[in-house]
Amino acid sequence: MGSKVAIIMGSDSDLPVMKEAAEILDEFEVNYELTVVSAHRTPERLYNYAENAEENDFDLIIAGAGGAAHLPGMTAAVTNLPVIGVPVKTSKLSGLDSLYSIVQMPPGVPVATVAINGAKNAALLAVQILARKDLELRKKHKEYRKNMKNKVLATAKSLEELGYKEYIERSEKFAD
Amino acid sequence: MGSKVAIIMGSDSDLPVMKEAAEILDEFEVNYELTVVSAHRTPERLYNYAENAEENDFDLIIAGAGGAAHLPGMTAAVTNLPVIGVPVKTSKLSGLDSLYSIVQMPPGVPVATVAINGAKNAALLAVQILARKDLELRKKHKEYRKNMKNKVLATAKSLEELGYKEYIERSEKFAD
Amino acid sequence: MGSKVAIIMGSDSDLPVMKEAAEILDEFEVNYELTVVSAHRTPERLYNYAENAEENDFDLIIAGAGGAAHLPGMTAAVTNLPVIGVPVKTSKLSGLDSLYSIVQMPPGVPVATVAINGAKNAALLAVQILARKDLELRKKHKEYRKNMKNKVLATAKSLEELGYKEYIERSEKFAD
Amino acid sequence: MGSKVAIIMGSDSDLPVMKEAAEILDEFEVNYELTVVSAHRTPERLYNYAENAEENDFDLIIAGAGGAAHLPGMTAAVTNLPVIGVPVKTSKLSGLDSLYSIVQMPPGVPVATVAINGAKNAALLAVQILARKDLELRKKHKEYRKNMKNKVLATAKSLEELGYKEYIERSEKFAD
Amino acid sequence: MGSKVAIIMGSDSDLPVMKEAAEILDEFEVNYELTVVSAHRTPERLYNYAENAEENDFDLIIAGAGGAAHLPGMTAAVTNLPVIGVPVKTSKLSGLDSLYSIVQMPPGVPVATVAINGAKNAALLAVQILARKDLELRKKHKEYRKNMKNKVLATAKSLEELGYKEYIERSEKFAD
Amino acid sequence: MGSKVAIIMGSDSDLPVMKEAAEILDEFEVNYELTVVSAHRTPERLYNYAENAEENDFDLIIAGAGGAAHLPGMTAAVTNLPVIGVPVKTSKLSGLDSLYSIVQMPPGVPVATVAINGAKNAALLAVQILARKDLELRKKHKEYRKNMKNKVLATAKSLEELGYKEYIERSEKFAD
Amino acid sequence: MGSKVAIIMGSDSDLPVMKEAAEILDEFEVNYELTVVSAHRTPERLYNYAENAEENDFDLIIAGAGGAAHLPGMTAAVTNLPVIGVPVKTSKLSGLDSLYSIVQMPPGVPVATVAINGAKNAALLAVQILARKDLELRKKHKEYRKNMKNKVLATAKSLEELGYKEYIERSEKFAD
Amino acid sequence: MGSKVAIIMGSDSDLPVMKEAAEILDEFEVNYELTVVSAHRTPERLYNYAENAEENDFDLIIAGAGGAAHLPGMTAAVTNLPVIGVPVKTSKLSGLDSLYSIVQMPPGVPVATVAINGAKNAALLAVQILARKDLELRKKHKEYRKNMKNKVLATAKSLEELGYKEYIERSEKFAD
């Protein structure tokens, strides 16, 4: 049977960031469950969710939170599964508070931390981890990387051919 | 019956900081229990400790932790008692990580945060809170403040009379 | 007779933040007085306000300020009541200046500091403190927490049932 | 055949930090290779090492570096294996430079970042990842966690029984 | 034969910043090539580009990148040419992550770092460097500086004559 | 004869900030000259301006600049007059770069630094300094402070009478 | 009659920093009074000290404090005299907390802030201010600057003549 | 005739850092002059030194300074030569103040900034720049890089052969 990932977040206001993890897992056809688990408003739920994650057949957990972001670390404290933490950007301290709260875990209980708002990379890291026991996934990931590389090469070529002025004019990206 | 305070910390390495809270409560003759509760290494213990704190007759909880300091916030998530958080200084980020992890709590679950390594003030804040329902304690706190003030006034007087050179020479504080 | 809380702030420009404290106290039916006390422009008023707070039957003071935020700490220096400090976000240093000015109090005079712009939590902390001597308030606070939890559970259920795409589409929150 | 981990670091001056990863892998009887690969002084070596890691039967790479710490991110750019990054503390910016250089990777190429100097947690994270395809390792990790928990519980019990004064006196940890 | 500069950047989203370097080199009639080289998505391209830069007759390389900005440092590791690094501002950490990733290079491999988003200065620094072996360029640079100075003097004169109120009113710069 | 103040700034883009200094001096009827002096683009002008300031009958200099803000410190290095420095907010580092560049002067050459964008306070500080030798100015400053205080008291009174809801509704300040 | 300066500090532990201000005033033969005034432990004393400073014939006040450093700003709020603030370095946040608490004053009440631990410069700034109405002091200050310059020129000459190796060997400064 | 470099620093206390630049230039047999030029204590000297650097046959200037570090930027403002800036670590803000003061130069006047205390890299950057017009130097630099690489390879080999325990034991570096 295939792998399964849990994507949890502290609040539905984290969805615009965290849905990027789901989109990647969709693209790689990895099963996942996405829901809200609030460390501070539903601590029992956090406890139960993490406690049962392994026997609920999850292989790893992606947890996103902002501010005093305790969800990833507390989940990691309760489960034996690997936990990937996504520090969500905050309006006050730009996500520095989220980053420090997630990455600075004490010896014994790691959280695999990605960049501020890095939900996409959290899912790609999950794919890389799951791919260690899934050759199909490994192949897809190699493909994904190749496409990524080719897109950059195409951009470079186009930029070199057009020159930067023309390139900027033609690109929708730089339109106001 | 009198008030009771719980002083908890993430590791016994926080003792040199957190014992200052105990010393103040000793001075004010407030009952307390001091122990280690690790959010990350003993999450069930944290859950149970906080869950039962109110029926174990505690009035409030002082919680100190460093780094990704989840103990105060998670305790506050589980109990309805007021929680005072002490960010413990860390060797890497000077306690900024501890401070952000403790103070930046989301709406709904506050932690009354004091200064980095501010365990003494955590206990004084506890005294001020408990004094709202304990006239004797209120009196002691007033006395404490008066003594504190008088000590500063005596220092000022001595410094003015001796001049700063003489004062520095006489003071053990500035001896190497 | 019931409890009474003072909500003070350095300037009326802090009102959009600090009114959230008033809204919570309204919800819990806790008496309060809300006004402006400027540490720097009206130091005598600060002094008198804090000096008389206890005999004016206040139980605690919530003080919000931004920048070189001296109001909470100076109020705490003059009164024996517990003081809760709210660091107000600033346009230049994002409220880091406010946070450091409020939380880093010296031994002897604590300020119970909440998150940047955390006026709502300041009021909830006040409720938790006042509830230590008011069983009715304690019951209300338990109820408040339960509702908060249930709201998260409902969100989680709805998100799980709809899936994140449908959920985002239906939610006004994410509409542009 | 069992799993294999690469532990690489930018300089032998990172050894006192990075050896903690090796010690954990020794304890879990996980095969590993530990060596120095400098992103800046030996870029070809970095390229070759990462390029061949998968066919050299490595399952994942732990990479530690300080300052403008490019080793983990560049390794992750070349290999398809999961890469765990350890920001090494620096004498100038306390490891903030290392942390930002490692964790803030762009979309497409994640590095699983642990705490500043968190080499021990890097290895534990590796164990958790490898345990997904190795039941024996999963059992050992559960055991490890249990021992960790029991050690905290014993500390707590001893502290409660002795009282903090006696505890501090008896502990070597706090001896000068 | 004249000098030639490479302007490379990690992504075409850096173009609005990096094109200012091209504009300066256009103004000074210095040959350049501008393209995209992604350290993380096209590491072989980075390696090859840097490896061949010298025999491709480049005299120096201007490299801009944001976040975990490894392009300038890795380019500097592979080539013997001087590398000028431009830390591109990021939406999360304002470019502090870019700055630290670029400037904090270890002993042995320098990157000449300019201000956050300082692509214009990167090109002017390139001009100053190339001018050491190109008297014509030296003359142009002197001229450029003189014009810059004269523009400031004209501004000052105009401001002094009009007064600040009139000056602000007349200037388009301050129109909403 | 009366006092005279120089208000200088690094660029006319600093005018929206620095004109607040002029407005205060206008209000206090203190003579001043306002102009642009760029430390980096017109170093001779800076040198001459500062060198001659005293014999041009200036009493003190207010200097505002942003980023690597060298104008205040270099002016202070050349003149014997007191120099007040205004760190201008920058789009990249929020003025932290300006603040550090201005306030962290080495022993021997002070700059009296005010808040980020604090041009108004720079002028008020100038008034306080000049008032030491001008009784008329001293009287005006006392009056200014009294008015400031009265405005706060009126705000407080109005807020207390109307209640915060009514107050917010009536105030233009909070209208969108 | 001559000028008089007040040097106040929050605690006698600030003396090793603040005495440098006294030493400069001794050198310039400016009258001063040095004492301890704690904003938080003796708020009435602060109020009275600042309230009476002008009629006690002080011309300006130098105030040093660390952490949540309210002494300079509150003194400035009460007196009309110019106040120079010295942020004292702290063991936790290196004096950043002190700096922000002192320099980020709101419009209306400036504090002339010098560098962290910059007590010497605070006194030199005081001398520059007092020199505006004291020709003798102006002369001494010019002399002081000249000596300072000559000392640097002598150092430069010695270093150039000896070469850096010899210079380092001969200098006590670099001896271990 | 060969190239010549000026190494200047704000104070002789910067010598232990800045001498590393001299050592590299000695190694590469590049002529240099090393001296003290204080931006704040000897502004005329700075002006003259920079003004005459080009006709004194210097090819570039390495300037190191700490705190409000104006020396590199002001030198760059006066001369047309390339200026390399070395932010010297400070005891209060760890060199962040130096870094911001040096790197955040405004458009028009670049300073090629290296790492905090990165004097060695400043000299290597100078060598790379001078090598553009000096084939002999280019050869030496290639050699230097090769040796650097070989040293890392030897370290790696020794570490791999001995194992980390043996390696640490044998190395003096890790002896206490």
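The first chain written gets the first letter, and so on, giving A, B, C, D, E, F, G and H; residue counts start at 1 in each chain.
Following the convention adopted for this analysis, a contact is a pair of C-beta atoms (placed from the backbone, for glycine too) under 8 Å apart; a residue touches a chain by one contact, two chains touch by 3 or more.
Note that the structure is a prediction, hence the values are computed from the model and not measured.
Touching chain B and chain F at once are the following chains: C, G.
Counted by residue number, the contact pairs of A-C are over half the same as those of A-E, the matching pair from F-G, E-H or A-E. With centres defined as mean CA coordinates, chain B is found 37 Å away from chain A. Chain C and chain D, compared by their mean Cα positions, are separated by 41 Å. The mean-CA centres of chain A and chain G are about 51 angstrom from one another, to the nearest whole unit. Each chain gets one centre point, the mean of its Cα atoms, and the points for chain A and chain F are 47 Å apart. Along chain F, residues 11, 41, 67-68, 92-94, 96, 103-106, 108-109, 111, 115-116, 148 each make contact with two or more other chains. Applying the touch criterion to all chain pairs gives A-B, A-C, A-D, A-E, B-C, B-D, B-G, C-F, C-G, D-E, D-H, E-F, E-H, F-G, F-H, G-H. Of all residues in chain D, those touching chain H in their complex are 11-13, 15-16, 19, 22, 33-38, 41-42, 45, 67-68, 92-94.
Interface residues of chain A, counted against chain B in their complex, comprise 10-11, 39-41, 43-44, 47, 66-70, 73-74, 76-78, 90, 92-93, 96-97, 100-106, 108-109, 111.
Against chain D, the residues of chain A that register as touching in their complex are 59-60, 80-82, 84, 99, 103-116, 118, 120-122, 124-125, 128-133, 138, 141-142, 145, 148. Residue ranges of chain A in contact with chain E, taken from their complex: 89, 94-96, 115-117, 148-149, 151-153, 155-156, 159-160, 163-165, 167-168, 171, 173-174.
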